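Got a structure for you, questions after.
Chain lettering (A, B, C and D) follows the sequence in which the chains are written, and residue indices restart at 1 in each chain.
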Amino acid sequence: MNYSAELVELIEEFKEIDDKMERLEMVFELADEVNLLPSDQWTDSTRVHGCQSEAHVKIGLVNSNVNFQAGADSKLVQGLMGILTMAIHGCDANIVLELTPNFASEMGILNSLSPSRSNGFRNMFDKVMNEIRTQLEAQL
Amino acid sequence: MNYSAELVELIEEFKEIDDKMERLEMVFELADEVNLLPSDQWTDSTRVHGCQSEAHVKIGLVNSNVNFQAGADSKLVQGLMGILTMAIHGCDANIVLELTPNFASEMGILNSLSPSRSNGFRNMFDKVMNEIRTQLEAQL
Amino acid sequence: MREEFPILQREINGYPLVYFDNAATTQKPNSVINAMNDYYSNSNANVHRAVHTLAGEATEGYESCRSALKARFNANKAIITSGTTEAINLVAHAWGRANLSDGDAIILTEMEHHSDIVPWQMLAQEMNIELRFIPVQKDLTLDMDLFEAAIEGAKLVCVVHISNVLGVCNPVEKIIDIAHRNGARVLLDAAQSAPHQDINFEELGADFMAFSAHKMCGPTGIGALLVTDDAFDEMQPFMGGGDMIETVSIRGSTYQKNEQKFEAGTPRIAEAIGWTEAIKWLNSVDIKTEHKRILNSARWLANQLRNLGMKVYARHGDNDAAVVSFLHPTMNSEDLAHLLDARGFAVRTGHHCAQPLLERLEINGTVRVSLYFYNTHEEVVSFVEYFTEIMERFA
Amino acid sequence: MREEFPILQREINGYPLVYFDNAATTQKPNSVINAMNDYYSNSNANVHRAVHTLAGEATEGYESCRSALKARFNANKAIITSGTTEAINLVAHAWGRANLSDGDAIILTEMEHHSDIVPWQMLAQEMNIELRFIPVQKDLTLDMDLFEAAIEGAKLVCVVHISNVLGVCNPVEKIIDIAHRNGARVLLDAAQSAPHQDINFEELGADFMAFSAHKMCGPTGIGALLVTDDAFDEMQPFMGGGDMIETVSIRGSTYQKNEQKFEAGTPRIAEAIGWTEAIKWLNSVDIKTEHKRILNSARWLANQLRNLGMKVYARHGDNDAAVVSFLHPTMNSEDLAHLLDARGFAVRTGHHCAQPLLERLEINGTVRVSLYFYNTHEEVVSFVEYFTEIMERFA
């Protein structure tokens, strides 16, 4: 698929960073991009399973545009949510559904993370895509 | 202790052989030196434990001289019994009791054998020595 | 292929090693040895749950073994154990104790290895279960009529795929079919078949399959139990400890849902990494061709030994293993093995952990030559030459 | 010493590895790696009962491990297992099921590792046995008054010698004394103490002691249970299979009399050979001096972390281990561990397989730094420097 200009820029920025700590620092900063899902709205249905820490996501469709809210008790996880926010929030759901987790690999963030964290990212990605798909179908 | 002339000669002969098969061959030939304990006299009390095959020994004292009878279903084991025969049969029990299994190591036969066989030899040696000691004490 | 196995360069008593004890354990190629070496030198860490780089590498290495097993054998669930023996004991404890009850029957065969007998005897004693042993016939095959007659009321059939003494490959498709039609689960002891065949677990249809890495060019201390999803769901935890739990409190614990449920404690990490390489090695071998080659060598050897007056216990049908068990009419087997070792030939003697089979054959043991893919026909020929010499000099 | 450990030359993300996850598993010296390499390259064979040269070498190598264990720990019986976890499960099955009955009690502590909790929960459920957990007090020690009050009616006391989370060394002499005066046997979980202390098993007086090779510079996949002669005589076989039997027939089986009775199947041969070298290595270390050195580093680290605002869970008495468990007041532990890994520092986070202890401390996990003899004070200083930088940039 074609990435949004914002995402393309982000991928480029990440690619330029060699130092792992700086890369993590950038992920941390992206935690601010998240539309926060307040922890009192965390439920079993918002929960991303297979994450070591608590991670919650909520999807809404405004017309056919994705509204993505998320929250985690790890800032790193929330940073990953921030990246996903830049990739999908406000975008057309049909276009979003063409996305694969490749963009995260391209950034080099997945292999900066422990296997359980990068699995966690994949689980989050899958859950978000499934929700979008389900809600799109429900609209039909 | 001082080895008998016969035993010294045997140790020398063994030392000269480099080839393992020839050494085994010599052990096989020494099976003929054994005063055979017929298999119908094999009992639990003659049995050498910890031997993989059947091995039986019987000790008698004639005056204080050792009478050693033995038998095994392995010719190799019987060869080892033959060596022990040359070391102790007809000898004075008090002198025999000073013997250690070192002479067999000196010959290089123990490390020609699998660990279980050389353990078997040690068990046989210990059993024979214990019998001699018991019978000597009984004579007192 | 031989140059990949460093031990094959070894000399014994001044003669080249001729390793014919492959049914006991196989040798390891450099790729296996080096992978473990590399793990300990560069990536050693405990697996699961940790964040640091080494722990990630170790976890990926360990889990790659599970993936390699699932792919090679086409299985959905691969539980990593310490070997065939633990895998079978795992079935007895995790499945047997939860699914069998007073008066149930288990079918075994007289061809089983002790590892597939003793766990069931222990379970039978504990739970009052009947063990039915299918006899081995004069032609060294299982009595399938008696098997069909015995199946009623049996909940489990435990059968060795290939006998480690005889090399005979049992008709497991037929056994599985009959067992399943009668509602019995089937445990396959594949310790000897996993190294010699391409086995498709799902297609074959057994419920459990146990085997060891060390018999298929992998390290010691590791093996596996493949399980179908259905049978997996019937299993209760066996050993308790770290890694197999989800939560622990002093009030009680909950368990993992996947294979880790049966892998308590720090797992065999280096061993899993070594085994992965062994599986890769095996995947690269043209097993059908190699099997035919060594089987032909075994057939030739059996004939030569018969001509020399030995009693040979083998069938050597196309699916049988390249194993030749034999006895000299008078000469003690261990004596023979010692003489063979003097010229570098490694064979095994004794009961091969299959005393009930030997009891049926009315013998105490055999001398066993077992070939693997790195053995050559020249080695077999030199064996016969030296064996002939021994007969002339010693028998 | 460091040059003996090849992994310590490794770089992570361009920075030298600083391995502070030693309570999870330790690194291996060249002597251990090379011994296993050499075994697979030159002597690999199955053990016991075989006549050929390789089998003899393998058997001697395997049994040398048992001898080394008995000598180092002054024990009469050393059963080789796959690790601490299997050793404890072995006690539960082989001793527990044979010697406990309905209504008996087992004493555990809240400081136990899951491996010393879950097997007893499973046994308790099966046999209707009461589990009594001795609480951990605010000062991180066991409540010995409650222990004395709980001992009546207990048949077994299971206690961790040194906590893997806190590094606290428990008063095991006293515990053993009280237990024995009340007729209870004692199982010591020595997974963390065996690597850090010179333990004299007979003198200490415990009945069982379990530990793992991989935490004391040995390979993965192997561990041991030391047992007194008295307790050994009370144990029934656990897993069935080859090597643990004397005779097998379809009518029943008899078992070995020595440790092999509990070592069913092909054992961990390469691992035993590697462990033997690890024990030799440990025998060559001046443990008292080295322990004092790393404990002082741990004390210094704990103070520095406290000054940086961390909550530290440790006592660091003279017998405690060089472990520093801590929490940042707000920052997520895994985030911290990721940042540490970025500069090569390997620490562990999470529940350390000791959830009941964390529940008592009212936390979910800690960040744990655990030192071993090859760690230097310079490493600890560089850790604090980088940690300070992280605090400035991220917290």
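By definition in this document, a contact is a pair of C-beta atoms (placed from the backbone, for glycine too) under 8 Å apart; a residue touches a chain by one contact, two chains touch by 3 or more.
No experiment lies behind these values; they were computed from the predicted model shown.
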Winner on C-beta contact pairs when A-D is weighed against A-C: A-D
Rounded Å distance between chain C and chain D, as computed from the means of their C-alpha atoms: 31
Between chain D and chain A, distance of the C-alpha-averaged centres to the nearest whole Å: 40
Chain A-chain B separation of Cα centroids, rounded to whole Å: 80
Centre-of-Cα separation between chain C and chain A, whole angstrom: 47
Two or more partner chains touched - positions in chain C: 13, 49-52, 55, 334, 338, 341, 350
Set of chain B residues in contact with two or more other chains: 52, 114, 117
Pairs of chains satisfying the touch condition: A-C, A-D, B-C, B-D, C-D
Residue ranges of chain D touching chain C (in the complex, touch as defined): 6-7, 10, 12-13, 17, 19, 21, 24-25, 27-28, 32-33, 36-37, 40-46, 49-55, 82-86, 88-89, 92, 110, 113-115, 117-122, 131, 133, 212, 214, 219-222, 237, 239-245, 247-250, 252-253, 264-271, 334, 337-338, 340-341, 345-350, 353, 355-356, 359
Residue ranges of chain B touching chain C (in the complex, touch as defined): 19-21, 24-25, 28, 52-53, 73-76, 112-114, 117
Residues of chain B touching chain D in the complex: 52, 114-117
Chain D to chain A touching residues, read off their complex: 13-14, 331-332, 334-335, 338-339, 341-343, 350, 393-394
Residues of chain C touching chain A in the complex: 48-52, 55-56, 59-60
